[in-house]
Amino acid sequence: MFSQFETWYRDRHDYARRWKERTGGKVFGCFCSYVPEEILVAADILPVRVLGNHEPQDVTEQHLFGMFCPFCRDVLAQGLKGRYEYLDGITIAQSCIHLRQTYRSWEENVPHDFTYYLPHPMHVASPHAVPYLYEELKKFRAAVEQFTGKPLSDDDLDRGIRLVNENRAALHELYAHRKGPVPKLSGLEAMWVTVSSMWVDKEEHTAELRKVLAQLDEREEQFGDGTRLMLVGSENDDTDFIRMVEAVGATVVTDDHCTGTRYFWNETPELDDRIEAIAKRYVERPACPAKDHVARTRFPHILKLARDFDVAGVILIQQKFCDPHEADMVPLRSYLEENGFPTLFLEFDVTVPMGQFRIRTEAFLEMLMEEDLF
Amino acid sequence: MITIGVDVGAKNAKLLVLRDGEIVGKKSRESGFDQETVTNELLAATLAEFGIDRDEVTGICSTGAGRKAVQYAGDKITEVTAAARACFELYPDTKTVIDVGAEEGRAIRSGERGKVEDFAINEKCAAGSGAFTEAMARALEVSVDELGRISLKSDASVPMNAQCAVFAESEVISLLHARTPKQDIAKAIHDAIASRIVSMTRRVGLNKPVVLVGGMARNVGFIHSLNTAMQDEVRIPDAPEMIAAYGAALVAAERAVVAATETGASGPG
Amino acid sequence: MAVHKTAPLKCWKKAKELREQYYRDYASAHERGGIRWTGGAWSFDAIPYGLGDDVYPLTGEPYAASIAFNREFSLECLEATEAKGWARDLCSYMRNYWGSMYLNRFLFGGPYPKPNFGFQDHICCSHAKWYQVVSEHEDFPYFSIDVSVGPYEEVRDDPHKIRYIVDQMHEAIEFMEQVTGREYDDEKLIEAVKNDCRSTSTWAKICELNKHVPAPLEEKTMYSLYVFGTLSKAKKEFADFYDELYDEVRERIEQGIAAIPDERCRLMSDTQPPWGFLKLFRYLETYGALSIGSLYTFGLIGNWETKPDGSWGARTTPMELGVEIDSRDKALEVLSEWTLSRPEWQHFYDPTLKTKMMAQIAKEWHVDGVMLHLNRGCEGLSCGIMQNRNGLVDTGLPVMTFEGNMGDEREFDMGRTTTRIESFMETLGLQPLETA
């Protein structure tokens, strides 16, 4: 049922190359989930989130000091190894320091026709964030228009917003099937879907997802026996890990990752000024810890997810050296536990010590089961 | 002219005697706690064994972590300078020297006449050094030699993360639990160190030809992994662990010549 | 044998007293009905001065560096922070500061002096988080200003970026009025903004003097002097002190006084040093080498510009340019614009901008080699450092790196680092000076 998504997840580069051939369109690599995809889609550009591939490598040490997160090193390695040679442009919306370096080093070492560093407010709880981003998005739009040589009309932007929103809505529906007592899909399958939505043509992805959604109610395979878990933390697209967790008796039912719900959770509203609508969307989306200032908006959101999806426990995933998440981890952990959600903390590297993580996950699940007895 | 190079490492002290550019003797012993006494004894034993009079020795240069313990050395240089100098002598077209010893790994960009142009040293983590193979061999319950040999039997490629030795050790244990054949794990270990070393070497530029020295240049498994990672055949001198002492003896000879010209005196012979 | 005259700085004692006074004033402010606030070394400290003449800041970075200098207390602080579950690779200043708070011990005696409010700015990921955690633990109100609008070269032609910051500053003033119950005085703000511009420009002028061969100052000394800019750029006494210091350093040059007796090799460093191991710099002297400074000591606080002849020098202040600062809004605008040109802010967006400045320093300050501290304690200033390294190597400069941590001595290995410096000295063709 989910094989198309699995294929897209696995053969991401083939997909993008074929898309280019088929449509003659341009492809942009996006370094952060804060890149306003609506504007790219409106300009008929395929946004592709650039991710790592979980292989040890020896090409980044001369460019990136080793104390920066393994994810950003893995991403840079993909660029240096030429895996994304089909990209016409790259862009980043300013998020954490770690990823900025990857972007700058990539820009320096892997030439592309278009590069754009999009400054982006770091205090999303501030009333000044939307007006500021609004101005920055106008400049971004102009740069994209200049690159394609085609001005974007309101109709174009409406189409961009609609296509991205439709995909978000479909992903929401998919997640709704994980809410009930018997989830209709595994966490692994959900990961294939959400992560692939970050590089597959939105229309195509939505259409395929709609097909799956139409059949889900009838699906025989069930995932109700596993202990319901939520994943929270740094960037995570590690299918091996989630496969292991689900093999030892859990079902992952939701998450707070920039490669998961944070990416698609809220829609772009309908406003007369389309750019303002987009600015609002990106400021109001579930925050990355790097931007969750001064008031914390992230914790209550995570708690709500945990409750809505009725999870028994939360696995907190921390990329080694990831400062934004490290700086949230201690208060987040106690916040969740005070609210009745036990947590398991795991530190990720490019590859993970699966055996050790299996033992810890099993122990965590046993603990959750014991609590059930009383 | 006779000069001597003494390399005092954490484990062994090595001494090498050079007569007019030819190696005429070498000797080593455990450096122990009292490096000063050990190096004194080593010198006495060497002179006695090769029938050299102390007065015949024009210059002595020490190197290695314990170089300062060698009271009788007129010159003291670091292993970086020593290794580059020695490799130039052996292979004049050397561009890069990789030196992997028990404690740390180093990469050196070698310029004209073995002049060090740039160098990189792996930082505190043991994952890029000989100590790492020792720890991993223990985890696999084989000797370090065996670890090297069995890894040659494997053509599997098991990804292993060697950013951190502690992490890597738990990966090895995971692999053992998963009943991965020992030879494949051994290869994974050598691949991981090789990857660390190549990664570090790229910081100074991976220019060929490359010479590999230090204790790890005896490990056939590591050499194979390194060659694969670099897509090249590294050159390995006959006694890779004596390289630093050799380089020190060469430097001692050079400095003796310079000193002689500066003072106008002529050296003996 | 000494080639150059050396002499200790005359104003050294005054510097020491000023610094002690700063911490004493902060700790005792409440006894005198004054206001305490805490925040970062880069906070817009001119703004709270509008609340009155009895406003005292405690800036986290220099406070934490002082802790780090005291290795025993630092270890206690770091362990206290770890005991709470925080990761060991977080900013080590932050961890030292937090530890002092968790232990409820102020380095300069007594318990952790709780501030009336927190006031930070945000360019490094750890900035706003730092005081988010402190304000939650100590339960005080907190405000932070996001300044991450991109490099200065893009800001110059883009008024909305300045406006974004100014708008937040206006909000900050309202916040301060509310939490202190005081009425805000724009005249005091205007004075403070002028002091900020004056002190940061003068510090740059002082650093400029180090272009001279032999250098009148070496970096270890500069660390004890640039600190005033990190304590409070907008404080009148500190701006005055820099004026005095400038005169003295000029005098040193005129009198042929050098920082070290036998200057043979001029180095440049980067990022904060490992504070517990400043003897590293003394070790350089055994080779006749000294560090003339770094983008870090020059541009963390100092404000610079490219002069018409292409050289790098202290930025001309708005007062020197005759800019009229006559209202709150104008003062805030000047302050934002002035601050955004800070050299040490540029690499947060693009490390190649920093490489350019570093290469320029190397050229104009006659640098023979570069020692980059790969500082595990600071993600902010280490950001892009390998790109800087590569860029400098491309210009033909010898560059060495050493790993360490400015505030966590467990991540620094003195023995290995000295060996590495020795290797570097050998590559530069230097041998230890004969000690007579």
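Every chain is named by a letter (A, B and C) in the order it is written, and numbering of its residues begins at 1.
We adopt the following convention: contacts are C-beta pairs under 8 Å (C-beta built on N, C-alpha and C of every residue); 3 or more make two chains touch, one makes a residue touch a chain.
Not measured: the values here are computed from a predicted model.
J.: Between A-C and B-C, which chain pair is linked by more C-beta pairs in contact?
T.: Pair with the higher count of C-beta contacts: A-C.
J.: Find me the chain with the mean Cα position closest to the mean of all the protein Cα atoms on display.
T.: C
J.: Averaging only over C-alpha atoms, locate the centres of subunit A and subunit B and give their separation in whole Å.
T.: Each chain's C-alpha centroid was found; their separation is 46 Å.
J.: Quick one: subunit A and subunit C, Cα centre-to-centre, how many Å?
T.: Computed value for the inter-centroid distance: 36 Å.
J.: Using the average of all C-alpha atoms in each chain as its centre, how far is it in Å between subunit B and subunit C?
T.: Once rounded, the distance between the two centres reads 41 Å.
J.: Enumerate the residues of subunit C that touch no fewer than two other chains.
T.: 374, 386
J.: What are the residue numbers in subunit A that touch two or more other chains?
T.: 61-62, 320
J.: What positions in subunit B touch 2 or more of the other chains?
T.: Each of 123, 203 in subunit B touches at least two other chains.
J.: Over in the complex, which subunit C residues touch subunit A? Could you list them?
T.: Against subunit A, subunit C makes touches at 84-87, 89-91, 122, 124-126, 128-129, 132-133, 136, 142-144, 146, 148-150, 160-161, 164, 167-168, 171, 348-352, 374, 376, 379-380, 382-387, 390.
J.: Please give the residue numbers of subunit B that touch subunit C in the complex, ascending.
T.: The touching residues are 65, 77-81, 104, 115-121, 123-124, 203.
J.: Quick check: in the complex, which residue numbers of subunit A touch subunit B?
T.: Of all residues in subunit A, those touching subunit B are 54-62, 66, 70, 320, 349-351, 353-356, 358.
J.: Of all residues in subunit C, which touch subunit B in the complex?
T.: The contact residues of subunit C facing subunit B are 374, 386, 393, 398-401, 403, 411, 413, 415-416, 419-420, 422-423, 426-427.
J.: Using the touch rule from the top, collect the residues of subunit A that touch subunit C in their complex.
T.: Those residues of subunit A that touch subunit C are 61-65, 67-68, 94, 96-98, 100-101, 104-105, 108, 117, 119, 121-123, 126-129, 131-132, 135, 289-290, 293-294, 296, 318, 320-321, 323-324, 326-331, 333.
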